[in-house]
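Just so it is clear, A, B, C and D label the chains in written order, and each chain counts residues from 1 on its own.
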Amino acid sequence: MINDLMILIFAPLVAGILAWAFDVRGIREAIGFIGAAIPVVILAKTYQTVLSNSINYTITVGGFKLIFQLTALNWYFAAVAAIVGIAMALGMISTSRSGYEWLFALMSYTGVLGVFLSQDFIGFFLLWELMTFASFMMVLRNNRHESLKYFVLSVIGAYAMMLGIAILYAKTGALDFATIRQALYMDLSIGAISKGESALLFVLFLTAFGVKAGAFPLHVWAPGAYSEANQSYTSFFSGALSKAGVYGILLLYILMGAKLYAEFGTFHGHLTFAYVIAWIGAITVVVASFLAVLQEDIRKLFAYSSVGQVGYILLAFGVGTSLGFAGGLFHVLSHAVFKGLFWLVTAAIILQTGKTKFKDMGGLAEKMPFTFAMGLIAVLSLSGIPPMAGFASKWLIYEAAIQAHMPLVAGAIFLGSGLAFAYVVRFLYAVWFGQRPSDLDNVKEAPLPLLIGMAILAIPNILFGVAPGLVTEYINKAFGSEIVGGDYFKLVTPTGTYNALLVTIVLVLGLAIAGLVFLYGATTRKIPVTNTYQSGNPVIEDYNLSIRRNFYKPLAEALDFWLKYSWDRFYERIAGIAEDFADTLRQSFYNGNVQSYSWYLAIVLLILALWGVL
Amino acid sequence: MNGQYAALIIALPLVSAFFVPVIKAISKKAVMPFLLLVTLAQVGIAGWVFNEVYTSDKPIIVMAGGWRPPVGINLYIGHFAALFVLIIAVISFFMAYFSIKAVKVEPLDKYAMLFLLLMLGATGMIATGDIFNLFVFMEITAITAYALTAYNKTGEAAEASMKYMILGGIGSSFFLIGIALIYGATGTLNMAQIAQLAGNINPTVAQVGLALLIFGLAVEAELFPLNAWAPDAYQAAPHPITVMFSAFVVKAGLYAAARLLYLMQAVSTWHSVLRLLVIMAVLTVVVAEFSALRQRDVKRMIAYSSISQVGMIAFALALGSQAGVDAGVFHMVNHAIVKALLFLGVGYVGIKLGGTTLEDFEGLGRRMPLTAFAITVGSLSAVGIPLFNIFWSKVRIMLAGVSAGYTWGVALILGASVVEAVYYLRLIHRIWFAGGGERLSESFALGAIMLFLVALILVIGFYPNYAWSLAQKAGADIFDVTRYVSNVPLMGVGA
Amino acid sequence: MVSVLKRSLAIITLLIIGYWIAQAFAGVPFGQDKMLVGQYYLNNVKAQTGAVNAVTAVVVNYRGFDTLGEVTVLFIASTGVGALLWKRKKERTARTEGSIVLTTGTRYLFPFVLIFGAYIFIHGHLTPGGGFPGGATIATGFLLLYMAFIVYEIPHKGFEVAEGLVGMGYVIVGLIGLMIGGYFLFDWIWQTWQLGTNNIGRLLSGGFIPVIYTIIGLKVGTELSGIIDNMIKEEVRE
Amino acid sequence: MIHISVYYFGAISLILIGLYAVLVKKNLLKMLIGLSIMETGVNLLLISVGYISGRSAPILSEGVGPNQAVDPIPQALVLTAIVIGVATTAMALSVAIILYEKYGTLNVEEIRRLRG
């Protein structure tokens, strides 16, 4: 009795295996695409039923009862993953080189869907590890160091979660979410889990989900992993896989929220443990945005920006109020959509030009007009300019932060958006406008499947930007209470309303007027690219700043006090120390001399003797 | 065919080992095919015994000489013994074929004899129900292992064998002191009767006796300070023998230790012995994993990984709970398959490319794709990636470990398995994405064996229910001592 | 300096271990009758196995499985020594012939040594000693030949085959027991055929004990001489 | 001090002397001799466990009834243990022969190619 959920979860994996088996250029693309399309179809089919009740599916595997459930909440996450998944499949049709990539891309797709749908810890852990392993194999192909760094951090996270699961299993004797939630709820009175243990559990789960979401101290793997993998896969990698981490944090709330509240109470009126998450999110936003601004490579820039944007979602969940959750969930959708679009645009650029540094690119707007349009939509959405979905979700997060009286955190959001605008504008000018280097003259538009993929991701940007009510109405149903008021075009929250339709009309009118003025009024002159920045004063060789090269060098100099401390080097040093320790341990213990080995035996006998006497 | 014919699992390898010199006199070339034939027959008998035990759900008690225990020696072939004798037979059959290709050093008839007797020793250790008989079979396994480790007659092989011999010698002497103590106190050598009498004998004698017995077996089962001989022995032994070492010789020692441990539950200081074993097991895992990190030789690296996984099994078995023992047995079965595949692959590369250093593995994916695929599946499974078989048993061990209260132990083991992931995945990167070379021809039959093991790993990985039910029955066989004692038809003996 | 520290440390460790084991053995009082299964053997050995020497009965009949393992261990030793010291061509390198006393002594004594060895293992079930001491005595006979004569060497091909056949003999005796009596290593001569039940204490009694001890005697004799042969010879350098 | 019989004391001291030789002596042959001393000590211990004072060997000829004989089992076990000792020593010596051939020394400190 293979019901919908099993097909939904394992269709991509089966398709991936088939694509890897029939490693012929045409066939594997088709199989891969079908594999990615099936979940979209099934999710659409189950949309109606999910709103009223949930679809369940349980199988016993190796003595464990795996429960899969599709409710309104995880339908939402699965839908986000499905949209980005289908776009990735289309992107991969043009950029993937072998069946190997299809196998592991679709395996991670199965992993993500499984993580969203599973209702017991063993299934959750199994698919979580599968997702981590598959994405690791995508990066291993191109760069060993980065992939190993990514895998070690995520395996540490996964094993931290395993330890947490084992502790919960030891305490509650159960593995599925419902019983654990019930047991933890009852535990408030019994107190079987001490304060220390619940703190340990919170830290363990936070590390596990923090690593996947790229939260501040554990974000070091993101730039390397995102830029080394096949670019169109990175759209899924950063669009959907990071959402698994965020979903985990949500799970933390659902399962242990009451317990953690009971144990740690509130701090200035906010839930203490939620406040920690909020601050982690805030720091991630600020640090990642700063680092993104200073990047010279297009992939690194978007990698850091992706880490920053996920920081927003963490921050929204950290706020802890229902409006915060609504904002966070909306941002999950918008981040997946515009970040996925950005990575597909990067994939198109790298596919056509083969360049990844800003200084080698420029003036591509004429050559790749459609990709440019998509890039523009992504830019507007990321920096939160009204008609786009990005604005709606950020606006909700602002509202939530302000309402919850978190001024510093709200300050971090504003700073983050400002920086976001800074690096996004840099991307816009450096890649699309200005002089085109001579070797890029014969660049053609990206292949068709990639363009369709981009279009698929652009439409929700605009649609949910203009009519954000669609999403908030679904979120209200998912949470079961009226969090965000207003109809399809208007969002009403206690502290403000946002009429998306009105703003869009005004914007379109303004653009029309600007177009007229441009066509008839102003005259244009050719300007060399270099002087757009210095506004007239002379360009000296060593401080030659242009939009494409160290555009933000002064900012870097201002920040160099902070830039000295890099978490990346810190982790590398720890890894080095661990390996040296391993070496000395091995040399000293297995020193090859059979006499010392016999001494070890004698020492064990001594311990046994003393053990007996004690 | 009544149950007593199960004694053939001991008699067959023995009579064929004695028959080998006669065959050699007839025709030297017939020795290895004869070895293949005998191991196939052993698989047949083991299969019959497995079927008999698991269908009737009752252990077969083979009473040597017709005397009921404790007067005579009895073989207790319960669920665990039936399962593992089958695993030993199947792996020995594969290794017999692999030896035809891998072992070229001269006195092949003596190699065949030692091969059969190693299989016999391990089977005997697992099947016996008498502690002195366990000592004799342990010695058979040990001495064949000394001879086979030094079989290549190189300097390193002799050195490894010498180290194994001296440590093994000390271990078995203290094991014998343990037997003298237990016999002195209880007056019997039969395990079931010892379990009955263990409660009311002099507590210090019982505690020291148990400690010495476990110490003797711990040298064989490679627990932390006592396993210094193991990496050298694995590296220097011929490739098929390394597979047999890691797949079942170690496990026979571990099973015997577990059996004795649970039999003597009534001893007053039982829990402190358990705690000591848990500490040693966790140390084994951590030290072995860290030592494997910067290995230049892949075979020695996988030897360390095998030692650490055996440490994990010992950890599970020493938890003292039914869930722990089941998890340990399940991991034993998975580990036997995975390590057989890994060492087979590495051994085959060793033969084809003349060495097993890291450089030989560069670009193996292009040169020997089938072996490279086998090694990759083996490594991924060893790391514990889901949809492979070791994932399930590792999860079981972690859950059992924390429920038994050893959270620190589980945390250390998980930390060590992060290290394991690093060196295995470095190996995979070196195999597939570094260097290159032209494609070499790979033997069809060995490929078939490797694919069979890969299929086994994936089947248990995707659908572990059957394997888990076997492990549970086998685990109950070890843990449930009252059922063990009631199954053995003890005669009322006494002054 | 280091070795003195090491020795003293060794002594201290060993004393503690010694004290621990001694403390354990204090719980096993020396010289007291603490027999359980042993008493059963003493009471029934004559009736059930027909042997007068209880130790032999225990070794061969009651705990025959141990001795089967035992014979295997010795077989492994000789095979292992053969495997490890295997050279393509080997020959004896002794140069000095034994003294006149040794050579004539050996020439006369050799047959009697063999006969005495045979006596030991044939009377295993009556007098102390059995297959192993008998076999060892036979091996000393061959050792005498090696020491006396520089050219003598045992026909090791023949010895190996003999070893194998005799070993098989032992297992076949066990298998016959399985066929006839339903139990492996079942003493069918005493239990089912009831041979020699009336003259306990004399030669023709003790069930299959003399048969097995003859097998063991021959096997141990050939094996130990094989080991001597392997160890004495040196490699022939072409 | 605990009171044990002189036979146990002798056997245990033999074991300790053997172990001492293995732990301290550098030459491999001396270690092997130490190992066989230890095995002899253990065999003595096993035998002395079975002794019953005032009784004779368990050969039930005319004069010796079932209640005048010593415990036969340890003697049977020792018969096996001795042969195992012989087998281990024979194997150890042949390995020592190879080691001397390949390394040119029997000093345990120098036989250390396999390490780390």
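The criterion applied here is as follows: a contact is a pair of C-beta atoms (placed from the backbone, for glycine too) under 8 Å apart; a residue touches a chain by one contact, two chains touch by 3 or more.
Predicted, not measured: the structure shown is a model, and the values here were computed from it.
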Legend entry - A-B or A-D, whichever has more C-beta pairs in contact: A-B
Legend entry - Identity of the most central chain, Cα criterion: B
Legend entry - Separation of chain A from chain B, taking each centre as the mean of its C-alpha atoms, in whole Å: 45
Inset, instruction - Find the geometric centre of each of chain A and chain D from their Cα atoms only, then give the gap between the two centres in Å, rounded to an integer. - result: 68
Legend entry - Chain centre separation in whole Å, for chain C relative to chain A (CA means): 74
Legend entry - Centroid spacing, where centroids are CA-atom means, of chain B and chain C in whole angstrom: 30
Inset, instruction - At least two other chains touched by the same residue of chain D: list those residues. - result: 15, 19, 22-23, 31, 45, 49, 73, 77, 80, 84, 87-88, 91, 95, 98, 111-114, 116
Legend entry - chain B: positions in contact with at least two other chains: 132, 136, 139, 143, 146-147, 150, 153, 162-163, 166, 170, 177, 184, 189, 204, 208, 231-232, 291
Inset, instruction - Check each residue of chain C and list the ones that touch at least two other chains. - result: 10, 13-14, 17, 20-21, 23, 25-26, 28, 33, 35, 37-39, 41, 63, 66, 69-70, 73, 76-77, 80, 84
Legend entry - Overall pattern in which the protein chains touch one another (line/ring/star/complete/other): complete
Inset, instruction - Report the residues of chain B in contact with chain C in the complex, numbered from low to high. - result: 2, 4-5, 7, 10-11, 14-15, 17-22, 24-25, 62-67, 70-73, 106-107, 110-111, 113-114, 117, 120, 124, 130, 132-133, 136-137, 139-140, 143-144, 146-147, 150-151, 153, 177, 181, 184-190, 202, 204-205, 208-209, 493-495
Legend entry - Footprint of chain B on chain D - complex, ascending: 15, 18-19, 22, 28, 31-32, 35, 38-39, 42, 45-46, 49, 73-74, 77, 80-81, 84, 87-88, 91-92, 95-96, 98-99, 102-103, 111-114, 116
Legend entry - Contact set on chain A toward chain D in their complex: 586-587, 590-595, 598-599, 602
Legend entry - Of chain D, residues touching chain C in the complex: 2-5, 7-9, 12-13, 15-16, 19-20, 23-24, 45, 48-54, 57-61, 66-67, 69, 71-73, 75-77, 79-80, 82-84, 86-88, 90-91, 93-95, 97-98
Inset, instruction - Could you pull out which chain C residues touch chain B in their complex? - result: 20-21, 23-28, 33-41, 61-66, 68-70, 72-73, 75-77, 79-80, 82-84, 86, 88, 157, 160-161, 163-165, 167-168, 171-172, 174-175, 177-178, 181-187, 191
